[in-house]
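Below, each structure is written out as structure tokens.
Look for chain A in each of the two complexes below; its partner is chain B in the first and chain C in the second.
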Partner chain A sequence: MKLSRPSIRPSRIALHAVMILLVVWSVTPFVWTAQTSIKFTRDVASKTPVLWGYETTANAYRNFWLDSDDVNMWGVLAFVLVVAAIAAALGLIGRRARHGWPWFLGATAVICVALWRFPRFWEANDEYDFLVNSVVVTLLTMLISLSIGLLAGYGLARYTGISGAVILIVALGFRALPRTAFVLPYFFGAKEIDEWLTSTGVGSWNFPLIDFPGIDTLQVLDTRLAIVLALVAVNQPFTIWMLRSFFIEVPKEMEEAAMMDGATRLQAFRKVIIPIMWPAIIATGLFTMLLAYNEYLFVRVLAPTEWTLPVAIVSLTGGESSRTITEAAAASVSITLPIVIVIILFQKHLVRGLGAGAVKG
Partner chain B sequence: MSTVTLKNLIKDYPNGFRAITDLSLHLDDGEFLVLVGPSGCGKSTALRMIAGLEDITSGDIYVGDRRLNDVAPKDRDMAMVFQNYALYPQMTVAENIAFPLKLRRVPRAEREAQVRQAAEILELTEQLEKKPAHLSGGQRQRVAMGRAIVRHPALFLMDEPLSNLDAKLRVQMRADIAGIQRELGVTTFYVTHDQVEAMTMGDRVAVIKDGILQQVDTPEGIYGSPDNVFVAAFIGSPSMNLYEATLERHEEAGGDRYSVVLGDQRLAVPSEVVAERPALTEHLNRPVVVGIRPEHLEDAAVVADHPDDQRLDATVDVREALGAETLVHFNLSAPSVDSGDPDALDELRDSGRCTARFSASSTARVGDRARVNVDARHLHFFDRQTHLAIRS
Partner chain C sequence: MNRRTFWWFTIPSVIVMLALMVFPLITTVWLGFQKLLLRDLNNPEWVGWDNYRDVLSDPEFWAAVQFTLVFVVVTVPASMIFGLAVALLLDRIGRGRAIYMAALLLPFIVTPVVGTLIYEDLFERGGLVSWLWEVFTDDAFAVSASNVKVLIVVQYIWYVMPFAMITFFAGLQTLPEERVEAAALDGAGFWRNLWHVTLPHLRLLVVFVGLISVMDAYRVYDSVFVWTGNRFTEAHTLAVYNVRIATAFDIGRLGKGNAIAVLTVIGIFVVLIPFLWRSYRDQIAERT
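Presenting the complex of A and B:
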């Protein structure tokens, strides 16, 4: 076949026009929001939209996150950028390493330490607690979902008996049901547990090991725990199915070879299978992360006051709040940027995850 | 002493399929035994049972005096080479070969020395830092060998290790593996569907079909006196020609004379052939299976000095000049016998098809009516019902 340079044909022009239109269509709202977040209220409120040449300000960010009016936002930005850069660098190394988890653990630790230290430098708002909630819920959901998903996915990929198929079909059924079908049962279930904890007095016991500061009574409803448990439950079928499809691509001979070489089944899993699965674990982890980070419904119902960021942002736009539209925009940008960074870093894995099972590894 | 003994091994699958029926085998210390059979005959299952990767329904496996039935694969002290090599893609060649040693907590210095030594034997020294994805098929095969030999195990298990290589490389690796095995003296259980590998590599060959052991013998023994029709047809390339024929006796003054009626032709059988197999006389005037190896057929135009009553006439269908010899296919009107090899091509089951290995100087052309010398001293006889060899 002769390779020629693509010629300019009307069909190509049309194709590109459509693609450009689609990009503009999806990016415009975000650009608009980003612009709004750095404008003064008078420009946002003006009748004719001010698209350029406006005066910029970080007031919206300051008002949303901080409890003080005279903070130099450049300092905050520098802090956030340094933390993000360190975490991203560790993530990049972990993505390439054979055993990536120490690096990802490091990145997570950097973020956690930063979140912990931040209020010591600047006085933060309630919204800051919601950010912490978001991070904690996301990380815990990822950790639990992946742990269960790896073991279950491996087992279900290797075991081909009828009961394995039944588990998979049931899991798929739960995945297919609408979220709203679960949220009320979870709510009532959590309520029942809390009532039991209160009535028996167990809730007010003092457990020395889990005596976290700020937790006086043991309860489920309105805690991060409730959100994590619910998210793990609804997300687990997806994690299992996705990891299973990756495990199936790993030849059975791999762990058999390891066992012949002198490994136990667990060693074979840890030392041979997991390193091969590493890209798949990253992909599945990313999908779980997006799900937990973006969750609205479960948080709204199961945690009436322990919000995560999506709920906090929605509360700004509903008219219940006197906050301005610029703050809502600032909040939107703040919640989106970390995800954008993660997706840019790991987009290859996400694409691979979307095509799971289609490509032989 | 790494002798291996299999006693009455049986493997039933949950769906009721019996993969292995009553398999008993013994390997001497340092012996190279090849288990050969057509696809789906249970040979890989047998190997995997020895490895511990497959449960044993009943029967026993011993290495030396140690019963291994309930021993985990990792504790069996066996090394296995897989058909697809099963190299660990995330590790370099050196790490792949060192992996079994690492699991055994061999100190780093000793580990590196042993890896280097194995790499030298296998000519992999240049490749040690590469990942398996960057190796050729032959190199990957050698890494898999390296992972096996570095451990000095009691037993090598090899599951069709050459079947993913191209033909030329296969011939070379065949010799290499056999050479390494002899050098190391490790007892080896080798599974293949390729009867050429079985013949060239094994100290002894075990032929298996449908989970049932057919015959165990040296390559020469298996080839020269196959126990049944299946072994006769399976071992040897081109295959032995097998026909239904009738053995007749002509009583004459100078002693009885015998002949075989092949379709519409008659072939004299030297009386010593019958004398060696007294049981043949019980099959007189009844159909038996007669086998003729292709190399026992020769163009009468090349070798004129041959008894005239030990000749057949046939029309040449296909001629394949291979240089050193010429394969000639023709048709005898006698009915062929199906050996039961599921891998055999259907056209080979066609009635009367015959393959002969003529000298290269044969001038037989397609369409010619050829005279074919039959070396009747090398005929094989089998019972038509049981397909067992008539030898005694």
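Presenting the complex of A and C:
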């Protein structure tokens, strides 16, 4: 019963009124931008804002994403909606099913295939490559971060020696360091490696079996790999702390029983512990995903041309481009939509994740 | 778990942290002693403490330090108090809590540079706030050197408040009902209840949120960069100033930039060492 908690009892209406004010404070910029993105430039430029009754248009989205001016945006919207619906359906089944991962993998595959086919249906702009970069960087960062983070998190939760404590505290210290302490040596180091690759000729080797599409020379700077490595590294302290706090909740007896039956530690970890860790993996994965998707500084410094979406959007609004304010708004909406969908689908995991990291401090 | 198994599990992560965090940090310190320009990366030249002398006598550095400190001192308590208040309100909401929560979380989840851009849009010519300002004061509102610092602070509170809110909210869910009921029976009002029951319960969380918020506010880059760019360099925080010095087109001074980075790191560790020491002691205590 929650009856006694409020000692001052504001009436429910007042409570909801305050909450609605708070919601207005937090979402006004989003609503405003969404409106701007579907207005004609003349309405945006008018001195008194046109708040309603304006004509809508998808021009801004077309200009941002597509090369050609006479594409029917309804077709694009239908394509996006169909893909989203299929992915969402697979995801929903995955949440209900006992083994969720094949369904989530299917949903990911559908999105990847759609991304790959899209530019064959419609001529896409450069920005489309930045979207692909964003997706690749985000997925790879999540995959690598979680794989090594799960192992380390488990080890740190179960081992009682002093070296475990030292690693944890050093990681906590790294969590506090500013990006600026890393980005300059990364840049310098990548440059050095590239020069070594060029001078020894390794960079121009042909790898007959591995064909990197669009890459003739091997290099580090200005590649997606550089961004992924940097993100995995700075995210590692957070990942191991968070996963460790989840692993500690799992009773030791679980894997001990399996090991009594003859399983090795690694088998017990894979077959017994991982299956019950999915909520924790999803929560940690969500934060890793947001971190990679939202990254700006590393991409700007380490990848002067292989941008991801945040860098593309900031450069859009800078003085050097003549593109309009509506286009920047369309870009902002496009980059925010996936995040909104993620919040709606995974709100519980997000909240639990923040809480879990917190409760144990 | 024995030592061998532990290392097998932990070694990939440790290698990543050694190669991509410890080693770069050593490089940072080393580069801080070099004269090194962005356009000529091949000829580092050892100059000893020159970069540090250069930084410490740069008025822009001290301006950045000052603004960073003000920024931390204002945004951290403000977002925490605001977050706690909203968490207490959310805790009383029955129906519709998930919707409120999703809407309130949005600023924190959205890409920071995009969040800042769209917030800034409200204040630019033709924006909502700018227009309201004109209606009430008859003056056009413009983002300028005199008000940009205030806007940066307000927007950052807008961005970061949900973190405190969600964490405190999670903490409130574990507050035992009996404690609150007992206090209510003793006739405790809202404020006494908050002070003697709720806050003591959230004590550890307050420390946790406070520390994380201090770390994040101290190294803020994205939002300040978007607000200021190269227009309002006097409103740069340490991180933005640092990157500007190191990567400014054609005259990027990488050596000086690294010296600033080292000073920044020392700055945060002065605050952090006691806390790290305490966590270390806790960890050791847990193990014996």
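Keep this in mind: the second predicted complex is superposed on the first by the 333 of 361 C-alpha atoms of A that agree within 3 Å, B and C clash if a C-alpha of one lies under 4 Å from a C-alpha of the other, contacts with A are read in each partner's own complex, and residues count from 1 in each chain.
Keep this in mind: a residue touches a chain if its C-beta (ideal position, glycine included) is under 8 Å from a C-beta of that chain, and two chains touch if they have at least 3 such contacts.
Just so you know, these numbers come straight off a predicted model, no measurement behind them.
In the superposition on chain A, contact of A:Gly100 is made with neither chain B nor chain C.
In the overlay built on the shared chain, the residue A:Val23 is in contact with chain C alone; chain B does not reach it. By the touch criterion defined above, A:Gly91 reaches neither chain B nor chain C.
In the overlay built on the shared chain, the residue A:Val272 is in contact with chain B alone; chain C does not reach it. By the touch criterion defined above, A:Pro338 lies against neither chain B nor chain C after alignment on the C-alpha atoms of chain A. Contacts of A:Glu253 after superposition on the shared chain: chain B is touched, whereas chain C is not.
Chain A is touched at more residues by one of its partners, and among chain B and chain C that partner is C. Judged by the touch definition given at the top, the superposed model places A:Gly285 against neither chain B nor chain C. Overlap of the chain B and chain C interfaces on chain A comprises no residues. Every residue of chain B that touches chain A in the complex is listed here, in rising order: 51-53, 72-74, 78-80, 82-84, 86-90, 99-100, 103-104, 147, 151, 157.
Residue ranges on chain A touching chain B, taken from their complex, read 98, 251, 253-254, 256-264, 267, 271-272, 275-276, 278. Against chain A, in their complex, chain C makes its touches with residues 1, 3, 5-10, 12-14, 16-17, 19-21, 23-25, 27-28, 31, 41-42, 86, 89-94, 96, 98, 100-107, 109-115, 117-119, 121-122, 126-128, 131, 158, 162-163, 166-167, 169-171, 173-174, 177, 180-181, 184, 188-190, 193, 204-205, 207-209, 215, 218-219, 221-222, 225-226, 229, 238-239, 242-243, 246-247, 254, 257-258, 260-262, 264-265, 268-269, 272, 276, 279-280, 283-284, 287.
Residues of chain A touching chain C in their complex: 1-2, 4-8, 15-16, 18-19, 22-23, 25-30, 32-33, 36, 44-49, 147-149, 151-152, 154-156, 158-186, 188-189, 191, 195, 229-230, 232-234, 236-237, 240, 265, 290, 293-294, 296-297, 301, 309-310, 313-314, 317-318, 325, 328-329, 332, 335-336, 339-340, 342-344, 347, 350-352, 354-355, 358-359, 361.
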